[in-house]
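What follows is subunit A paired twice: with subunit B in the first complex and subunit C in the second.
Right after this comes the complex of A and B.
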């Protein structure tokens, strides 16, 4: 039994529908647009939203990079890259600067992106308010009124308990001075890279059936207070491989005594420096 | 009209059972499946039956699946009913999870750690395309190419976090001496339930129910910010200590899946802030169930940890009273039984009410 698949797996009609939704998403930065998500041959939670966005926008001339946790060689990145290689035949790369299309889970590359590139985020929960209000019918109304007091209260609560805002990842941002938006579970450290990025940022949430976008050169401001400004925590330990201090690190347990080593999570960035 | 004769319907029941027997076999020209084939080729199904029946017997679980025509809850019921007939002669000593012969071990919290990430057999990074596995080299080629790597000890991730004081100590959740006696098959579950009782209930709870409960916590219905510290699947030895011997002896090996879940820290002050834990342990190879169990275990600790309990998954009476699929299927399906008498009283009451109302209105 041989089954043939279209270029990038999905049929042309479906891809066109997703692209139309993406156009709407670009027109209303940070606003979640519902779309009829399809079952992909990888499970929900593995990046089906990002995969559908990539499938919808990829063309034969694209050069694709896929990262998971910043790395090109983690199991899920390897799996998604091989899926697109067999479903499209496009060239793939690990070089951030060479890629035209980058699909990512949980990181933004350290190497600054340039105009013309597209960064596709895999998003588990597109609604930034879901932990505070799980009912979508309610959050839609809150977004319509730009009522984000629930989130400000959460930040305030953390300041009273811990003396600082204690959100390590998935830090809420305001896009284009209007919509509260989830940056996906990237570390707070990565959030400033979203602000005024020359690249187009597309977000796909397959299971939750939502797409959203941040067009190039758009204001992306992390939520904070004047007296408690956004201040992400990152280790000052240099990378054990390349010595970088400023990059985001993975913590690796190297022995039973619990000794740790820190290395760049962005494997391409780290490799370029060595 | 055989259903009408419920009171004297023995002939009808016999006929119904003959039909089951016929359908169970299917077309006699098709080869018959043997229990052995089920054990070998549908072992994940066998594992689920054993886990939810809480009886570790591969051969019986396979037979149950055949007798149930693939209806998993019916198979679980069959094995659970058999379990009730078995004599309990001793409790085993706690399983030595550190000594597990690991077939699969991953941590989602650390990229690398002592003992390494060991992927083992998993569908996780496969693509769901028909024939996907046919393209690969056969199992025997994998075997021949496999180098025997001397096992490096696999340090417990939770232990490492505990050492740094970032994880609540295990002792905080360990069953006390008195509640180790709280076997839910020997003593009925009463509320509030101890953690030992909760974990037993969840371990035999319906995979689908726990999955949905766990999923709801990830979507905002219950506070949860989980990371899998460690997920292990492998073989452990079951040991007992017969009183006349005074030392423990191994009586067999079982395959289990264990999930240690790290959950978001929370406390009133920064000094007290530490990660909290959730735990899942299941017979056989069932990662979905072990992970779901760990999430639900953690959600059910809401009261103990001083969190607001607003969601179904945080309500122990809701979760623990409804997670057993043998109980649930019995009560839901019993609606098929005759209810003539109760219905008759209802219909008479309704007729009476309407008649009285009509009279009053006139």
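Right after this comes the complex of A and C.
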């Protein structure tokens, strides 16, 4: 028996509802919009939010790229890519410049995005204040009042304890000079790529049932202090495979003796250079 | 005593019930700039409820609280949008809790606790924040070396002084205090009251102080309002009320104080 699914797995009514929510999210950059997250054929935390967003916006003409920590060939990326191939029949790719739709977990591609592309982020925790204020009702009020002193308190404490703002990933940003927004757990190193990006950036949090968006050419400013400016870390070691210095690296243990190599986390970028 | 300037806060006919229990019954009062008003009475008389209604944390069933800084009572606590009320609470007004742990962020260092209001007001220079934190630690007589310690490592008296520093750093013109000394032992209380008296006169703040301790009222307050079962039954200059109480309940309250 063959089972036929609707194009992109979700039914049209659900996709329409998600697209309406995305329109609202685009209209209020960085503001989290609740949505009726559906059960998806994979566990929470594996990208259920990102998959729903991708399913809602993908069309037959799209060319899809899926990355997980920058890589096109890890389990999560491979299985989501093959899921959409079978559920839509669209062409998939690993080339950043060729893709019209990129679903990502925890990285922004090194190759600069261009106008017309859509970047879909998988978001585990959409609320940037969540570890600082446990009451959702209170975080909603804080957003409404644009009161983000709690996050500055965290930055103050980091400088006090570590001598610098030691937030390596999920670095808090202000979108469009208004909403404090979580960039999802991308490295702080990637945050400047969000600022004035020509691509549309969509964020889906399946378990937390929230969507948000950053429209193209929108200001995305990391929080910092004037005397402790935003200063993301990256290794100065070149990539052991392609020699790139500026790209973001993974540190990989290569044998039982504990030897390590730094390798570009973006496999497409690294492959293009070799 | 003559408080010549116009009042900065007036409450008119505040009434508030919790179900069948009438916690406030037609309470009216005024606060003038720079004065300390003590609200005294036994447990359950409605002191803290009144304080919270004045502060805007509890909505009364009837009556209103008006306030303003320049002699014009042009704003009403009950009608204020939530955002403005919060802004007021974090800058021009302050609230000191009985238990400092209700106000302090226990997972944030002492310095961070002190400067939170400055960051809320938009200060974005770490060096300046550190300087202000050190300044206020000294002002409330805490060793500046403790700036990076967590409040949980502080004694009760130090935590209470930390709460004072954290509140006064924004130079509020009106301070609400709910039994600020009740959690402290007697020897610590004396030092704390002394500090409080100096800060209040130095900062030219008005204070509404809730206490069941008449000695605290006598030491700090210029005026006293005595509450019983949700009503203010007697009000006047502190020494006058405490030395020559008119209302039978005040007489009972004064006479029941243990001689030192």
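Details
Just so we're on the same page, the second predicted complex is superposed on the first by the 272 of 274 C-alpha atoms of A that agree within 3 Å, B and C clash if a C-alpha of one lies under 4 Å from a C-alpha of the other, contacts with A are read in each partner's own complex, and residues count from 1 in each chain.
Throughout what follows, contacts are C-beta pairs under 8 Å (C-beta built on N, C-alpha and C of every residue); 3 or more make two chains touch, one makes a residue touch a chain.
Here the structure is a predicted model, which means the values were calculated and not measured.
In the superposed model, A:144 makes contact with subunit C only, not with subunit B.
Residue contacts after overlaying the shared chain place A:255 against subunit B, while subunit C stays out of touching range. When the shared chain is aligned, no partner comes close enough to touch A:229: not subunit B, not subunit C. Legend: residue contacts after superposition of the two complexes on their common chain; A:76 is shown touching subunit B, with no touch to subunit C. After overlaying the two complexes on the shared chain, residue contacts for A:13 are found with neither subunit B nor subunit C.
In the superposition on chain A, A:159 makes contact with subunit C only, while subunit B stays out of contact range.
Looking at subunit A, you'll find residues 161 touch subunit B in one structure and subunit C in the other. Looking at the complex, you find that subunit A touches subunit C at residues 141, 144-145, 147, 149, 152-153, 156-157, 159-161, 224-228. By the touch criterion given at the top, residues 1, 3, 41-43, 46, 69, 71, 74-76, 78-79, 83, 125, 130-134, 161-163, 250-256, 258, 265 of subunit A touch subunit B in their complex. Remark: subunit C residues 82-83, 86, 105, 108-109, 111-112, 115-117, 119-120, 124-127, 129, 148 touch subunit A in the complex.
Residues of subunit B that touch subunit A in their complex: 110-114, 119, 124-131, 153, 155, 157, 160, 163-164, 218-221, 223, 267-270, 273, 311.
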